[in-house]
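Have a look at these structures, which come just after this line.
Across the two complexes that follow, subunit A remains constant while its partner is subunit B and subsequently subunit C.
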Partner chain A sequence: MSLLTDRRALMGLLARAAPDRLAALAGPLPEAIELRPAQTGTVMVQGRIGGTGAAFKMGEMVVTRCSVQVAGIAGHAHVQGRDKAHARTAAVLDAMWQADPARIAALLAPLAAEETARRQTRAAKAAATRVEFFTLVRGEDQ
Partner chain B sequence: MSALTGGFTSPAPQAARAFRLALMALSRPGRIETVSGATGPAPLSAAAATLLLVLADRDTPIFLGAGHDGTDVREWIAFHIGAPLVPPEAAMLAVGTWPDLPLSRFPIGLPDYPDRSATLIVESPAISAEGPRLTGPGIAGEARLSLPEVNAFRANRMLYPQGLDFFFTAGDRLAALPRSTQVESA
Partner chain C sequence: MYVAVKGGERAIDAAHAWLAEERRGDPAIPELSVAQIRSQLTLAVNRVMTEGALYDPDLAALAIKQARGDLIEAIFLLRAYRTTLPRLGTSQPLETAKMQVSRRISATFKDLPGGQVLGPTFDYTHRLLDFALMAEGEMPAAPTAPVRDDPVPHVMGLLDRDGLIEPAPEGGTPADLTRAPLEFPADRALRLQSIARGDEGFLLGLAYSTQRGYGRTHAFVGELRIGTVAVEMEIPELGFAVEIGEIEVSECETVNQFKGSKTEPPQFTRGYGLVFGQNERKALSVSLVDRALRWQELGEDFVGAPAQDEEFVLSHCDNVQATGFLEHIKLPHYVDFQAELELIRRLRREALQEAAE
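For the complex of A and B:
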């Protein structure tokens, strides 16, 4: 997963980012035409257990979507929650990434690092509570 | 003008206003309203584009007449509405010029469910309050509307309570002709 080549990774990172942190990193944004002004709605989240399990409906979550055009390039974003400014910032950054991936990847590198650190901390905390089970040999088997 | 531009800039008020005007036109046959808000790619008129945004969503199958069935219009509908494009038999909404719409192939509803019928948006060169005479519900005395022909609408009236409903659009103007209206040549 590289922010330089993978637009999906970029959009995912923007969608999960904390709105305040993203706005601070992005700084002032260029002029953008709103193709679809930010709007809030719900999407059905599907889940699947195991590789062969059929999809099931896990529940609905609130998302905000926005589409903008920056210098002729369309940028799209779907973000968690109901923060319209967040959706707009993410859409503008998506459009800017398409024009110049290297610049935006560098700009957002701290965000990616913070997310990785957060995940590792959480995984480490969970790992500390792990319980190993093992079966004792029982006498009658021998 | 591209497939992505031309939607409502402020969806809730603009859609509500345009829906109100469409209702006014439909409940007062022959009355001409001016709507605005959306611009679609050519040959879609502003009124037809606005009507589509107001009336259609992802659960509204749309039929496009031959003149309107192009990449631009298809992409515009895909981005702004997400509606499936279907043959006339499955359509709930249709857009096209009068010769492009095969009237006999649209669903006219069932005797028990006359609402399961298609609404046709007929793109016209111009609309004016002259031509065939309209009488019926919603019309005080009589009204006149420039219709492309008379016999098709008389036949449609005979199907009542089944039948098709029509919107006529030209530029940003629209008028409507519900199935309940009686049409006589001027």
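For the complex of A and C:
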């Protein structure tokens, strides 16, 4: 899975994942030392004035973070929502990915595929609502 | 002077117990789940997240259930919950140009790169009650079409390229009204934060007032887009930014009347609104009010319109503050009123005595 050759892509996928689905795919996890136990808080989301300009504070989102150590490797996670188990699982998988990217990429391949399919379905529905204009030419304009 | 009076506990407990019973309604009717509210009353959830200034659809749905559908009460609950959470950081500014759009329209250009995408809109519906919704039934699947991978650039970029519109402002560190009290004059970034969480009805009324002539700015909807964007944040442990989630937002940009000067040729000006969720009436209202509040910066006249008055708008748009102050007058004011009563009795006594003399 080419998508997960990059740690940023992995962490994004873990953050967006539905907690139940991630737990099911991950299966039993190895022993991990909690460097920072899961903690729920907020992140201030910033927008840009005019879409491209200077930043402004838009409002907060709920985020849960966790840091663990698996076999001497530190793994970190920031995930959307309040699910502490989700954050812990994501942090453990981040550590495991650093030890063996190919194995974790294969493990999470279904998650990436399901997300792509979900996005495609929405995009396809949006495409069906795209307006195709046609112009009626009036006689006197010809 | 405040005097503590005790004795209401039993009545309050009974009132809350009855409230819980009324919230549940007829036990013969199945109870609403939070998941049902989240997925079927989505636009209410979006409004609560926007005005609660906290993006979490599950919590917003729970707040709506707990508040019995009173959205201002639900917003209050969400704001109160927010205060219990630590702030973990600040995101990178959103890149709305990379939005996966479910809706994207422009009222200024018919043909534009990426096209006009209507999305799941109430526009063009006949506003006739649909009695089919009273019956349970299967929903036909929405049609799909092949996805075109054209980029969907901001419409303003097209005007900006030719210098026909003012550029978006650059730079500066935005203030945060959740960290420091609001002070006047407020800059544009602070105003946008304040009105983004402001009451939809209040801002709709103000935006409408500008259209009717109270601080007119001749707004066209340059672009309205709704969709999901990635939220990225720099993680200190990593030293680079990662995606921490994905949120749905509505973004509106208006193209407004020109300004020009001796040195600058005329240019269109712009208003901007960005809010959580599918919430286009709010995004539109915010961008009209944003533009009206910019009169000074753009060298326009203050015509005394409410929508131009930043102190009036920002001090009164927050419905949690407004309802808190308004509703507090229901609470016991026995001592204050006793003093008034005392005073009016004395004044009457004196007036009657004077009349008799």
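Throughout what follows, the second predicted complex is superposed on the first by the 123 of 142 C-alpha atoms of A that agree within 3 Å, B and C clash if a C-alpha of one lies under 4 Å from a C-alpha of the other, contacts with A are read in each partner's own complex, and residues count from 1 in each chain.
Assume contacts are C-beta pairs under 8 Å (C-beta built on N, C-alpha and C of every residue); 3 or more make two chains touch, one makes a residue touch a chain.
Quick caveat, the model's predicted, so the values are computed rather than measured.
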Should the superposition on subunit A be reported as showing a clash between subunit B and subunit C, or a fit? fit
Given the superposition on chain A, what is the angle at the CA centre of subunit A with arms to the CA centres of subunit B and subunit C, as a multiple of 10 degrees? 80
Output check: A:Ala74 vs subunit B and subunit C. Expected answer is one of first, second, both, neither. What do you get? both
Quick one: is A:Glu60 in contact with subunit B, with subunit C, with both, or with neither? Answer first, second, both or neither. second
Who does A:Arg82 touch here: subunit B (first), subunit C (second), both, or neither? second
When the two structures are overlaid on chain A, which partner does A:Glu34 contact: first (subunit B), second (subunit C), both, or neither? first
Who contacts more of subunit A, subunit B or subunit C? C
Should A:Gln46 be classified as contacting the first partner (subunit B), the second (subunit C), both, or neither? second
In the overlay, answer first, second, both or neither for which of subunit B and subunit C A:Arg119 touches. second
Superposition-derived minimum Cα distance between subunit C and subunit B (Å): 6
So subunit A touches subunit B in one structure and subunit C in the other; where do those two contact lists coincide? 39, 67, 74
Of all residues in subunit A, those that touch subunit C in their complex: 7-8, 11-12, 15-16, 39-63, 65, 67, 74, 76, 78-82, 119-131, 133
Give every residue of subunit C touching subunit A within the complex, in rising order. 49-50, 53-56, 58-59, 82, 85-94, 96-97, 100-103, 110-111, 115-120, 142-148, 154, 156-157, 167-178, 188-190, 192-193, 196-197, 230-231, 233, 235, 237-238, 240-247, 249, 251, 253, 270, 272, 274-276
Interface residues, subunit B side, partner subunit A - complex: 4-5, 7, 9-11, 79-80
Going by the contact rule set out above, which residues of subunit A touch subunit B in the complex? 33-37, 39, 67, 69, 74
